[in-house]
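There are two complexes below, and they share chain A, which is joined by chain B in the first and by chain C in the second.
This part shows the complex of A and B:
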């Protein structure tokens, strides 16, 4: 029934793309069986490569064809070879980046012996098409999620309520925070130069919370919905803006993708380059994160954003031994202040990444960076004040809740607070959603990836 | 029954959540009783966009002064822009009359008036002036007002005159109306949001903007505008629609209801630009006027047709339907004299 529901859900957007889901599920199902059953390494390799090729071909064709075509034409243009790029302008099948990665994790896990393949095709098809995570993840790994589909599920009231709460909070994050911040970030990012540094900084802050709440909101809804149905899927965001360094950030941000990349891309590359020592790790990091950027979208801004993340991580790999030698602070107050400074500093490094990510072109990213450095002026004071107040208004609840989540190390702490406080929280959220919730707002940002 | 079954295990019910929901509605009920809330909304709202909240705010802040004669100017944006309320209140101070402008952007169809009639009558007005025009009866229905107020009494009439399709075709509007009726915040969500933004804006810029004037048009439209509109209309701007019968039936009910409450009911054929007549067929005008004149005689309300009003020329209008400053002055003077001469209002002197 869940499989039918998932297919109907996907077909509601465009029934023709159901065929891709079906082909991917069928190919990977059979590849998984063949890999497991065959003792011949060459056959195992063949089916693994077949599975990866089919998935990447679909992904490459729908997502990157136009990008490669345009860039090839531009590249040849440098050599006076003028050709018209072939642009297909095909609609990107929703969630293709997510379900291809999900499906690939299955054949790779079977290949590496982490799991046995399933013999039930319908179970596997449901794993690929499970509707709460179909469009924008989390990228549930086969070894985590498939056993839950196969085994019988136990529903209980507590996890049902937790699921409902997660959906409610996810909805709040999307409709109240993300969609309202879009209204601040979009006009500023869509405006032509000259730029004002202060306005750009505010636009970046707005986008940082927008993209977080948009994606974390979707992940919470997906997780909540799954919980209500008796599934437990991976936590995708664990208070990422409380990170103090790049490694920690990627352990907290889009956890399912970073885990996937770590397991299936970074680790094999780093292992193959283990002879290079530290530089092998840095090489693996750079390749992984450039591809991570490219996964997000077929544009140079995403690739540069990926490279930037790679550089941050590589810098940490290089500098970490020096930091470890520094004496540890014993004074708790100084420790807390130092932690706060690190969080704020690293948040700004992340924000610079968001500038690269959100900019419409590299030129715009450059102009905006230039404005941040050279034109940081408080002219147009009232407008700056108005945007700042809006930004604080839309993010303050999130920040307060997240501080408590962080201190209590519990995402569901609200459900354990005193009843009066919980009731007040619901009332405030209802009021804000009713008055300020954006109806008919933008679709989730990660749908485009 | 098993102990953990959802409904039978009372302790496991999300009581706090339910309390939150109840409190959410209770807070709104409380806020809706506060005059200061409506005064705040009225002073920071914009014309056109926030007309509906301005209408309710205006009604909510009407004081219950005994002895004062409340005169409601109702109808479309024509009613809102064509009268100089300040002038009228000033001129008729001695009669204890207070004018309230309750015009809302739209067509002011009788259907729209019908769903708010009880809200109006609850405030015990002395006179209700309803500014209608040919479009009030001879255009398709405007569901804008239906979206704000749920008035189930209208449903049987809709079914009778325009059929099931009108109800099912607008089920979303009706569901919204029902939901909005239960929540002030939901009903006026966009307006409240704008009002708060306007307030913050004023606070930051340290100036008191008259937000309601934001959309006031002060310039007259050019000749080309009128020519284009006439061409566009192709004599078909106003015509008999499936809603004409419904509006006529609801108008009769509305008028009877108002008159039966001893409220003086004046229907004014709102002044329109002379060129508007080029946009529709002459017979529509006759039918419209005849209907209102007939009903006025039968039911006992006053109908002020075009011939009863002062002569308005093209110099008095900003567009087809709305008067400019000089036209506004003319109509306000006329209504002042009419009310005095008809002894609806007697002076204290």
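This part shows the complex of A and C:
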């Protein structure tokens, strides 16, 4: 039933791409069985490589063909070899980056012996196509999620309430916060130079909260919907803007992707280069994060963003031993101030990454960075004031809720507050949603990935 | 059960004076053991025991009990070979 619902859901966008879901599920289902049943290492390797190749070929063809074709033509142009790039302009199948990664986790987990393959094809097909997570994740790992599909589900009222709250909060994050912030960030990022540094900074702040609320909102809706149906899927965002360093950020931001990359890409590369010591880890980090950037989209801005994240992490690996030698602060007040400074400082490092990520080209990213450094002037005061007030208005509820979530170390603390407070929260959010919510807003950003 | 030798190598690499390491202990439960120093801990174990792990063997590890079993298996293979 859920499988049929998931296929209808996907077909509603474009029924032809159902064939990709079907082929990937079928190939990986058989590869999983063959890997498990064969005692011959060569056969096991063959089926693992077959599974990975099929998934990456679909991903590569639909997502990266035009990028490689254009860049190859441009590269050959440098050597006076003029060729016209073959541009296919094929529509990108929604969620392909997510379901190919999800399906690959299955064959890899079977190969490494972390799980046994399922013999029920329908269970596996549902794991690949489960509609709440189909289009933009979280990238549920086979070893976590497939057992939930196979076993009988336990539905209870508490989970249902939690699910409904998560869906409501996710909808609020998307429709009230993200879609309204789009209206601030988009015009600034779509405008031509010259740029004003203050306006660019505000645009980056707006985008930082827009992309967070857009994606975390979707993840909350997906988690909530799954909870209502008796499934428990991973938390994808754990208050990422409270991070004080790059390591912590990647443990809090898009957790399902960073876990996938860590388990299946970073760890094998770092381990194979263990002879290089710390530099092996740095090499693995750079490769992993450049590919992480490329996973987000076929554009140089994403690749540079990935490399930037890799450099931040590599810097931490190199500097961490020195920081550990520094004496620990004992005064609680000073400790809290120091924590606040670290959060604000690291938030701005993340924001610079968002500038690279959101810019339409590397040239634009350069021009905007230049404006941030050389043209940071409060010239158009009224516009700056209006944008600043809008930013505060759209983000204040999120920030207040998240401060409490962080202090109480509980994402669902709202559900445990007094009924009157809870009612006030729902009424305020509902009013803001209906009065200021953007109807017919933009699709979720991560659908394009 | 985790041998004293293995415990010592891990605690020394993580610069921990004392921490209770059990068969069921997972890396994330040990202070300071993260994905970035995971490789250096495994390298130190390889060097100390004079063995070499394969990537797939490392990917299979779920807890310290698995790591101890892998070390034992490697030492046995080494002695037989």
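Basically, the second predicted complex is superposed on the first by the 449 of 449 C-alpha atoms of A that agree within 3 Å, B and C clash if a C-alpha of one lies under 4 Å from a C-alpha of the other, contacts with A are read in each partner's own complex, and residues count from 1 in each chain.
Note that a residue touches a chain if its C-beta (ideal position, glycine included) is under 8 Å from a C-beta of that chain, and two chains touch if they have at least 3 such contacts.
Keep in mind the model is a prediction, meaning the values are calculated, not measured.
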Room on chain A for both chain B and chain C (clash or fit): fit
Quick one: classify A:435 as touching chain B (first), chain C (second), both or neither. first
With both complexes overlaid on chain A, does A:427 touch chain B (first), chain C (second), both or neither? first
Could you look at A:53 and tell me whether it touches chain B, chain C, both or neither (first, second, both, neither)? neither
Look at A:19 in the shared chain and tell me whether it touches chain B only, chain C only, both, or neither; answer first, second, both or neither. neither
Which partner does A:267 contact after superposing on A: first (chain B), second (chain C), both, neither? second
For the overlay on chain A, what angle lies at chain A between chain B and chain C, C-alpha centres, nearest 10°? 160
Is A:385 contacted by the first partner chain B, the second partner chain C, both or neither? first
Have a look at where A:363 lands relative to chain B and chain C in the superposition and call it first, second, both or neither. neither
Could you grab the smallest C-alpha gap between chain B and chain C in the overlay, to the nearest Å? 36
Give me the intersection of chain A's contacts with chain B and its contacts with chain C, in residue numbers. none
Seen from chain C, its contact residues with chain A in the complex are 34-36, 38-40, 42-43, 53, 55-56, 58-60, 62
Of all residues in chain A, which touch chain B in the complex? 156-157, 161, 164, 382, 385-386, 389, 419, 422-427, 430-431, 434-437
Which residues, counting only chain B, touch chain A once they are in their complex? 4, 6, 9, 12, 14-17, 19-21, 23-24, 27, 183, 185-186, 189, 192-193, 196, 200-201, 204-205
Can you list the residues on chain A that touch chain C in the complex? 111-114, 247, 262-263, 266-268, 270-272, 274, 277-278, 280-281, 285, 313, 317
